[in-house]
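Shared between the two complexes below is subunit A, which pairs with subunit B and subunit C, respectively.
Moving on to the complex of A and B:
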C-alpha cells in the first residue's frame, strides 16, 4: 500500500481526536468520586452502583431500545415497499414528485414535525403514550429508509426480474427470491439508519411523550436542569461500550463475508 | 427471504424481552386500573426512596414524569392527551393554569396533613384559600458571593450591589421580573408595582448597575460561581444551595429591605384520572418526617414547619435558607400581572440589557 502523506495522516488523527475526546472525557469522569466534572477526585464505581439501583432510568433505557427496534422494523417494512413503489412509478414526473414529497419530510426540522404530531394526536383525541411516540418515530424514519433502499433498486439489473418471470416464477417468488435478496444491503442499511435516528431523536419525542412513557434523551434533558449527575456519565459509558462492541462484531462479520466471497471468486477463475 | 423472516422474528422477540424487563423494573408493586398515580414534576426534584415508600404504604403504583420548565408543563397539560394526576408548577403558573380552567379544586378534607404547613406559606395571593394548590418547596431571591473576593458579611442589602468595588464582577440571572424586582426593592417599591413612574425609576437605577455587571446569564451562573469566575451572583435560593454544596467559599444572603418569595406547588390538573391517589400523595409528602427527608435530598426549603425538627440542626439553623419568620413575613410573592404590564417589565429589562452590553 502506498504510504499516506504525513499531512493527511496528521489531519486524520486530529479529526478523530476532536470527535472522540469529548466522549472519553465523559467516560473518564464517570469514575470520579466527585459530584461534578470540574476535578477528577478519586476512582470509584459509585456512579455505576447508583445507576444499577435506579430502576427507573434503566427501564427508560430499555424502553428507548425497544422503541428504536420496533419503529426501525416497521419503518423499514413500510419504507422498502415505498421505495419499490416509487421505482415502479409509471411516469418520470410521478416518480420525481413522490421523491420530492419524501425529501421534504427528510429536510423539515424536527421541531416542526414534533409540534405538528402533537397537534395532530390531540386533535384526534389520541392519548400521548408509547403508541404516539412509536407512530411518530415510524413516520420520521420512513423517508430515510426509502432513501437508503432506492439506490439499490436502481442499481439492480431489471433483466433479472424478466429472467425470473421467463423461467416461470410467480410474482411472490420474484419478490421474495429475486428482488429482496438483491436489495438486502439497502434494507439493512435503512434499518440501522432508522434505529440510529430513533435512538438519537429528541425534538419530536419531546413533543409526543406523556402518560408514563419517556425516552432517554427526554429524561436526561429534564434532569439536566439540576446539573447533570455523573450517573448519566456512567450510563453513557455503558451505551458507548455496547455500541462499540456491536460495531466491532459487525465489522468482523462483514470482513469475513467479503473475504469468503473474494476467495470463491478466485476459486471459480481457477 | 427466510433469513429476513428470521431476522424480523428475532427483533420482535428482543422487543418482547425488553418490554417484559422494563415492565418488571418499573413495577415495584403489582397494581392496576385505579391504583395508578401519574406525577408530573421537575427533573430530580424528589427523593426516589419516598416514592417506593408511598407505593408500599398505599398500594398505588407511581409513574413519575419530568419536565424542565413551567411553560413546557403548561403546554402538555393544556394540549390534553395526558392524564397527569399531580403536577408541581411555580406560583405564577398556578395562576395561569387556574385562569385557563385547567385545575381541579382540591378536596382539602382528604389532606389532613396540611395542618403541618407553616402559616407564612399558605393563603398566598396567588391562591388565597388554597383551593387549588398547596406548597411543595419555597425559596427566595438573593445574592450569592464568594468570600475570596468579598469580605464575609459585607453584603446585606440590594444597595450593596451598586458599590464601585464590584466593577465588572456581578452575574445576574436572566429574568425580567426578578432583576427589575431587585431594583424596585432597593428603592423601597413593591416588586409587584404597576406604577409606570416607579418602574422607570427602577430601570434608571438598574442602568447605573451596568458597569458592575459581568454577564446576564441563565443556568451557567451556577457553574461560573462554583469555579470562582465572579465575586457576586444574583439568583434563587434553590440554585444557591447547590452552589454552596460545591464551593465552600460561597455564601447566600437574602438582602434587605426585602426580596421575592417563590413557591413550587402541588396542583391536580383537570385531566387527572385518579385525584384520590393525588390527594393521598400530597398528604404523604406533607407528613413532617417525609417532608424532612425530601428537603434533605433536594436541598430546597420545605414549607412543612413541623418537619424542621427532623432536619439536622445545621440545616435547620441555616439562616441562608431558613430565614427567620420576621424576614419571611417581609418577603413578597410575585403577583400575576396583566399582559401589558408584563410587557412593560420585559421591555425595560431588555433596554437595560442592551445598555450593559
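Moving on to the complex of A and C:
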C-alpha cells in the first residue's frame, strides 16, 4: 500500500489530539488526590469512592438513562409513523411542506425550543417534572427519527408491498411483516440518534425541569458553578469508558457479520 | 375452458392519459399467453388490473364467470412474478417461498414439504437457507417463481420476468418456464416486449400498442399473417411495400404483378405487402422475380443480413445463408405464399371474416 503523505498523517494526529486531549486531561485528573485540576498530586481512587457513595448522582444517572430510553422509544414510534405518513402524502407539495415543517424543528436552536416549551407548560399550568422533560425530549427527537427513517422508506422497493398483497397479506400483515422489517435499519438508527440526543441535551432540559427531576448534564452544570469537583471527572471517565466499550463491541460485531456474509457468498464453510 | 375475461376495460389516469382503451380479452385455462408490446403499450397495466393492484376506470373482470372487479388483490386466486422479483430482503429463500402459506395460516408441517417441492420444481434444492442477497439474478428469478407457484394459483402472472437476465440464461429460463407451465397445467400470462420470447413460449399472443389489442392469435398466425404494419414491424423483420390489389390472388407492387395467396378485397384497392426477409431467396438475376443491388451486409452468425435496393430505390432486407457480392445485380425469388397482403385500417375481426370467406370459396371450388 502506498504510504500516506506525511502532512496528511500529521494533520490527522493533530486533529485527534485536539479532539481527545480535553477528555484525557479530565480523566487524568480523576486519579489525582487534590481537590482541583491545577496540578496532579498523587494517584488515588478516592474520587471514584465518593462517586459510588454519592447516591444522588447515581440516581440522576439512572434517571437520565431512563428518560433517554423512554423518550427514544416514544419518539421512534411516533417518528416512524410520521415518516410513513409523509411518504404516503398524495401531492408532492404536501410532502415537501410536511418535510419542511419537520426540518424547521431540526434546525431551530435548543434555547428557543426550551423556552417555548417552558412558556407552553406554564401557560397550560402543568408542573415541571419528569413528565414535562419527557414530553419535550420526545418532541425534539421526533424530527430526527423522521429524517433517519424517511430515506429507508424511499429506498424500499414499492413492489414489495404489491408482492405481499399478491401473496394474500392483509394491510396489517403488509405493515408488520414487510414494511417494518424493510425499514428496520432506519428505525434503529433513528432510535439511537434519539437516545444520544436525549442523553446529550442540556438547553431544553434546563428550561423545562423543575425541582423534583434533573438530568446528568443539568446536575453537572449546577455543580460546576460551585467549583469543579473531581467526582465529576471520575463520572466522566466511567461514562467515556462505557461508551468506548460499546463502540468497540459494535465495531467487532459489524466487522464479523460482514465477514460472515462475504465468506458465505464466496462459498467458504465456517 | 374460460378462466379470465376482461370486458370493456379502460384505464384513464388523472392527467387524462389513456393507458388502456376498451380492452376485451378472454383467457382460457391451462394455456401459456403472452401480452406483447413496446413499453407504454399498456401490457403491464392489463397485468396489474388482472392481479388487482390497479383498478380499471371502467369495465369488468370475470374469473370463471364470477365478477372479480372489486375483489382485493390478496383474495384473488392469482399470483405474480414481478419484473424485479420483489423478494423480501429480510427473509431467506425458505421464508420467502413460505410467506404466502404462512399468511394463509397453513400448519408448519404442511408448509415445509410444499416449499421444498416448489424449490425442487425450480431446481433450487438445497438453497432453502440462503439469503436473498447471496443469490444470482437467475436464482432470484427461480425463487420468485417458487414463491408464486407454492400457493397453487390458478393463474400465474409474469411481468417482464426474464428481461433482467443475460441472453443465455434467458433462453434457458424460457424452456424452463414452458416446462413448469406444462407440468403444473395452470394458466400463465406473460408480459414481454421481446417478440422472440413471446413467439417461442406462447400458445397465444396478444399484441398491444397504444392501449389497444392489435392482434391476437397463435405465434404462427401472428408471424405469418400480421393484420397491420405495426404488428408486421414489431414481430420480426419485414419488408413492407405499398401495393395495389389487381384482383383476387394477384397483387401489384414494385411496378410488377405477382401471384399471391390473398383475396377478398376490392379490385385496385390500395394495400400493403409484407415479405419476410427469410422468405427471399437470392438467385441469379435472370431467375429472380426482382432484381436488386446489395448495399451492405452484416454477418450475424447463422445468416447474413443484406440490405439491398431495387430500381425504384425501395430498400429490401434479405436474410441469406451465403454471402453476396456488394453492388452487383442479384435476383430475389419468392413464392406466392410468401407474400402477405394487408388492407389499410383493417381490424382483426374484419380480417378473420375475410379470411374465412375466401377460404370457404377455396373449399367450394375443390
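The working rule: the second predicted complex is superposed on the first by the 260 of 270 C-alpha atoms of A that agree within 3 Å, B and C clash if a C-alpha of one lies under 4 Å from a C-alpha of the other, contacts with A are read in each partner's own complex, and residues count from 1 in each chain.
Going forward, a residue touches a chain if its C-beta (ideal position, glycine included) is under 8 Å from a C-beta of that chain, and two chains touch if they have at least 3 such contacts.
Note that the structure is a prediction, hence the values are computed from the model and not measured.
**Student:** Could you tell me whether subunit B and subunit C fit or clash when both sit on subunit A in the superposition?
**Tutor:** Partners fit side by side after overlay.
**Student:** Classify the contacts of A:35 with the two partner chains as first (subunit B alone), second (subunit C alone), both, or neither.
**Tutor:** So A:35 only meets subunit B here.
**Student:** Comparing subunit B against subunit C, which has contacts with more of the residues in subunit A?
**Tutor:** B
**Student:** Just checking: does A:184 make contact with subunit B only, subunit C only, both, or neither of them? Give me first, second, both or neither.
**Tutor:** After superposing on A, A:184 lies in contact with both subunit B and subunit C.
**Student:** Go through the superposed model and pick first if A:98 touches only subunit B, second if only subunit C, both, or neither.
**Tutor:** A:98: touches no partner chain.
**Student:** Tell me the contact category for A:170 with respect to subunit B and subunit C: first, second, both or neither.
**Tutor:** second
**Student:** Just subunit B (first), just subunit C (second), both, or neither: which does A:73 touch?
**Tutor:** In the superposition, A:73 touches subunit B alone.
**Student:** Once the structures are superposed on A, label A:157 by its partner contacts, choosing first (subunit B), second (subunit C), both or neither.
**Tutor:** A:157 sits against subunit C, while subunit B stays out of touch.
**Student:** Could you tell me the angle at the CA centre of subunit A between the CA centres of subunit B and subunit C, given to the nearest 10 degrees?
**Tutor:** Seen from the centre of subunit A, the opening angle is 160 degrees.
**Student:** Check the superposed model and tell me the shortest C-alpha distance between subunit B and subunit C, rounded to whole Å.
**Tutor:** Minimum over all C-alpha pairs: 10 Å.
**Student:** Considering only the contact definition stated at the top, list the common interface residues of subunit A for subunit B and subunit C.
**Tutor:** In subunit A, positions 177, 181, 184 sit in both the subunit B and subunit C interfaces.
**Student:** Give the list of subunit A residues in touch with subunit C in this complex.
**Tutor:** Touch list, subunit A to subunit C: 157, 159-160, 162-170, 173, 177-178, 181-182, 184, 261, 264-265.
**Student:** Can you tell me which positions in subunit B touch subunit A when the two form their complex?
**Tutor:** Within the complex, subunit B contacts subunit A at residues 1, 4, 8, 11-12, 14-15, 18-19, 21-23, 25-26, 28, 38, 42-45, 48, 63-68, 76, 79-84, 219, 222, 226-227, 242, 245-246.
**Student:** Name, in rising order, each residue of subunit A that touches subunit B in their complex.
**Tutor:** That would be residues 35-36, 38, 54-56, 58-60, 62-63, 65-66, 69-70, 72-73, 118-119, 121-122, 125-128, 132, 176-177, 180-181, 184, 187, 209-212, 214, 219, 221-227, 229 of subunit A.
**Student:** Which residues of subunit C touch subunit A once you look at their complex with the stated criterion?
**Tutor:** 51-53, 72-75, 78-80, 82-84, 86-91, 99-100, 103-104, 131, 133-134, 147-148, 151
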